[in-house]
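One structure follows; several queries about it will come next.
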Amino acid sequence: MSAKIPVGILGATGVVGQRFIQLLENHPWFEVAWLAASDRSEGREYAKAARWRLKTPIPQSVANMRVSPATPDGAPKVIFAALDASIAAEMEPRFATAGHAVITNSSALRMAKDVPLVIPEVNPDHIKLIECQPWRKKSGGFVVTNSNCSAMGLVLALAPLQKHFGLETVMAVTMQAVSGAGYPGVASLDILGNVIPYIAKEEEKMEEETQKLLGKLNGAGVIPAHFKMSAQCNRVAVEDGHTESISVKFSKKASPNVISDAWTSFRGVAQQKQLPSAPEIPVRYMDANDRPQPRFDVEFGRGMTTTVGRLRPCKVLDWKFTVLSHNTIRGAAGAALLNAELLKVEGYLD
Amino acid sequence: MSAKIPVGILGATGVVGQRFIQLLENHPWFEVAWLAASDRSEGREYAKAARWRLKTPIPQSVANMRVSPATPDGAPKVIFAALDASIAAEMEPRFATAGHAVITNSSALRMAKDVPLVIPEVNPDHIKLIECQPWRKKSGGFVVTNSNCSAMGLVLALAPLQKHFGLETVMAVTMQAVSGAGYPGVASLDILGNVIPYIAKEEEKMEEETQKLLGKLNGAGVIPAHFKMSAQCNRVAVEDGHTESISVKFSKKASPNVISDAWTSFRGVAQQKQLPSAPEIPVRYMDANDRPQPRFDVEFGRGMTTTVGRLRPCKVLDWKFTVLSHNTIRGAAGAALLNAELLKVEGYLD
Amino acid sequence: MSAKIPVGILGATGVVGQRFIQLLENHPWFEVAWLAASDRSEGREYAKAARWRLKTPIPQSVANMRVSPATPDGAPKVIFAALDASIAAEMEPRFATAGHAVITNSSALRMAKDVPLVIPEVNPDHIKLIECQPWRKKSGGFVVTNSNCSAMGLVLALAPLQKHFGLETVMAVTMQAVSGAGYPGVASLDILGNVIPYIAKEEEKMEEETQKLLGKLNGAGVIPAHFKMSAQCNRVAVEDGHTESISVKFSKKASPNVISDAWTSFRGVAQQKQLPSAPEIPVRYMDANDRPQPRFDVEFGRGMTTTVGRLRPCKVLDWKFTVLSHNTIRGAAGAALLNAELLKVEGYLD
Amino acid sequence: MSAKIPVGILGATGVVGQRFIQLLENHPWFEVAWLAASDRSEGREYAKAARWRLKTPIPQSVANMRVSPATPDGAPKVIFAALDASIAAEMEPRFATAGHAVITNSSALRMAKDVPLVIPEVNPDHIKLIECQPWRKKSGGFVVTNSNCSAMGLVLALAPLQKHFGLETVMAVTMQAVSGAGYPGVASLDILGNVIPYIAKEEEKMEEETQKLLGKLNGAGVIPAHFKMSAQCNRVAVEDGHTESISVKFSKKASPNVISDAWTSFRGVAQQKQLPSAPEIPVRYMDANDRPQPRFDVEFGRGMTTTVGRLRPCKVLDWKFTVLSHNTIRGAAGAALLNAELLKVEGYLD
């Protein structure tokens, strides 16, 4: 009976690389066959090369795997990537050129014209951009990206609103978890009892990615959504889960009931095709006046569900609400994995 | 050798009451002569009645003072109040009726038509409302209030902007310290590794108080400032210091330099009259791209200075910035104390 | 196809009561049929009466259950109790008198001569004390207790050492999680960035319970283990998981290998009879020089495994090591549940 | 009108280097004249080279100072050092050889036979070891060290006990602040909601330094105190302040009153000679049953006082208590500064 598809992980020792390994354990379609990381780790056993920072143990099958050099030779066709942007900018094209399907969490190529930035529930048709990629034409390789962790939860919450009510303006203020900064990432002396009102390049990414994700595919590119958008990004002393205070202006009139219905009834291709990593409910609405909260709500839907709450009128725009999303699952490794599953059912991994 | 003015504290055992005691230690004009708290504390030594939660020790002169009943008999003329709103609603009028000057941090009467809500640097003329109070006419007593801790830092940052550029729209998202909730206040199980996107009645207070503070005195009342305002309030795991992500729209064009100059050069009657608790600089602007931060910046100006930073254009409104203010000093006890000093130099405490 | 045994929970709305409900969801032998809490909650739906503080949602079957009065009338025969000690002291005998099997986490009766204090892996024979209880003789009812959360992890780590090497001296310093104090429990202003070197009555409980648990059943009572023991208990800013720095002196010579073997090979009746809540491995030894750590290791064995690490020689006694145990699972609700399972297989719940 | 003594700081940009600068601002005897750090910082303005992590601002006189190369040329005679041990091992002898008085917080030379490890209140006579140093004989230069931050608070608490009651055994378990690990030091992902039961080489340092500090000067060396000592060191989520749970055995009988008197009445040469950085009270005893606590007590005596509390009998040794000490002031920069002041009054800096 059919074997699983072997996959490789670029940047396997980092916080997101670890999440890939965790989420791929017992995956019905994929299995980890190859790991690469920085030169320092090359040739070492994974369990020794990585400083494992997750609550579940390293899967046994991966613990003793040797870390390979980060080159296409010998790597499986399907590659998950979790590299720093500067390294990804060079490495991902190299793997695509060599014929690999690069499904990446890195920001390096997200805004490239012919690179799809995809959330399966939101804009699955954008994957067609793959066919415009020169790599695809030459070797069959391609690159597909998912969004920044701060944009992810927001876009899942906005997609049903855009569809039902039209979006004119979006204002977002984030309170982001430290795991979003990788490891060692944020120093404890910087965050204990503190808020840091700055994350390098985060506001720019959040603004432009949100508009590309909610934009329209138009031949060889995407026309960004036309609503106005402004983001302010803060770091707080939370381990996992980005909380966001959002205000929006709609094109059409709405009421709390139809808005929460729009969220609750929202489903996408990920749910219709029952992708293994798809959450049953992509957007959950909580009624309680003090939720969502990262400590209690972030793991809902195995970290793949965005939770929304605190819907109330805004005296400047139309509506205010709070969004919560798991930044290293739905906002990183889980997002790439769901993209891989979409690519699989669409025949791109054959 | 002029004697100091004896003052009393209503609600002396709480977090804000403790700050009053701390700030009044060695005050050049006032000295604590009377303490009252709930029935439970009555008759006990202050050091035993209060669960002291500050880093400096209880002043010796106060430690052994007996907690008095919370009634006007025997209380000094000048009363600082730090009571829960529901108790304040009844207690403050009773003291004012009995001829006391009630300088209060409570929200109970802040929005009452004839009760001044005052920040000495911002709207010192509003104290004239005192003369409209029925208590004043009968017994000489009156009530003066300061704002909620979340409005305080914001209004100090907005006042120079309003003056120079005119305000059309203000959007605020707060990340508030736990000390704002009093003691025991927020349970540790609720806030460790967490964000709580809700503080009861805080958004309403922040919106309406900001507009009253920046409004115009008009005979027996205040015409609220006409700009649009929306607030979202969150609690974070910070001990002291409310951080706020702000967006504003001006009536006039501005540039980063003139905006930061407006902040830096801002002075008010508190500075001109050299009130003892006035900070040299009411609004400080920091250039560093990741400041202000509560852990490092909240105690500037002995907790009386508002710090602003991260000024940058906003794609929806005009400008974005971050505000930081000490919530139990400038946002509570220090605010009331500065109001008392203003009242003193204006002759209201004679 | 035998039906499940209906069980009731006394103190169902508290932190430990919630854990009972969570652990009993889908339990193969027991099902929650009755909930009681303080008068304030009586008659309300559970989901409204409880301030649910766990990451998994309230089980649907329990959410809409009405909270019953805390009296034996109408309560199931098997009762799990999670009451404050002062209330338990009166309530637990009342239920036992009425014929109920009271399996309690409360400290009230733990040290009573005829009340078993039991850990199934350590001293399962102590449950025979039930037969000495006057309630048992009259109505069939009885009380069985589990230990304090700080003693639990320690005793599981000590039991194999006692058996193999004999214990002469035990010194323990704890760093305990805030969930051990219930809800609201520790105020955030008390624990953020802090250590509290005091937990009321904890050191006494830890010392005397450890000696009773490791003591010998002797007719109608237990002869406490004779080793010397001293405990110091501290509270730290951790959500779940008590970490303990331990030093011990043995009667016999040992080596690191035989000690870690003693831990690793340790099994008890809970494992032999495959009780549903028994962890596969009651005591896990970790080799890494910086483990165990609560954030990463506390949930091992679904929170029922004690993890030990950092074994090294002690210059005063013989050996030093670190113990970690989940305080509200293994140290509270899970402990009582495992005791219930032991009672079931021993025929006490028939 | 004598000029101040110019001093230099080696390792000026680190956490301890910053404390030196902070503590030397407005010092009556010393003034910062020279700063050195790693090559990366050389030639840059201090305010740009250092990532300042203290709550008070960088002193203006230092902010614009250029960072010098870390070589003796051009450095002042008196050098404070805060270098990593591996660098200090090479650098400190080089400065001493060149005739400098090196007053260091580094561990590199603490246990060297002819290098004094000194606390002015405890063993001021040990500075005579300077005369045994080959550097001293050749160039006049010398090295004086202070202890590790975990040993410092303990030794101040033990010294009066040793004097009055004799020490036979000391057991210590620490809960140490993150600032002790420098910057960036401990990653936030490692410490939020966590305890780390390991600090590299800390237990060894704590044990051997405690015994050298409380030992006897004997010609060209120190005979370590003969009591038995065992330490276990943990890291907790606290910014500043090491808390320690201590058990001791005395040679003589004692009672709580005489013990607390021994602490409270303890004074040393630092107090007698009124050294500028000496706390009025080197050891403070607090009666409250839940103190000392780092958040509230660590800054007592401007961070130079050790606070002791929770004195109670120990069932294994004689007495248990809790010690709190500021790890970057009394346990690092403040310790070196006090040593410099002692050297000054003893004529070693002339």
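When the chains are written out, they are named A, B, C and D in that same order, and each has its own residue count from 1.
In this text, a residue touches a chain if its C-beta (ideal position, glycine included) is under 8 Å from a C-beta of that chain, and two chains touch if they have at least 3 such contacts.
The model shown is predicted, which means the values in this text are computed figures rather than measured ones.
Find the chain most remote from chain C, comparing centres computed as mean CA coordinates.
Result for max centroid distance from chain C is chain B.
More C-beta contacts across C-D or across B-C?
Between B-C and C-D, contacts are more numerous in C-D.
What is the distance, in whole Å, between the centres of chain B and chain C, each centre taken as the mean of its C-alpha atoms?
47
Based only on mean CA positions, could you tell me how far chain A sits from chain C in angstrom?
40
Measure off the straight-line distance from the CA centroid of chain C to the CA centroid of chain D, and report it in whole Å.
So the centre of chain C lies 42 Å away from the centre of chain D.
Among the residues of chain B, which are close enough to touch at least two other chains?
Within chain B, the residues that touch at least two other chains are 53, 192-193, 237-239, 295-296.
Tell me, which parts of chain B touch chain D in their complex?
Against chain D, the touching part of chain B is residues 53-55, 192-193, 239, 295-296, 299.
Report the residues of chain D in contact with chain C in the complex, numbered from low to high.
169-171, 173, 175, 192-198, 207, 228-230, 232, 234, 236-239, 243, 245, 247, 289-296, 309-310, 314-317, 320, 322
Which of the residues in chain B end up touching chain C in this complex?
Residues of chain B touching chain C: 15, 53, 178-179, 183-193, 237-239.
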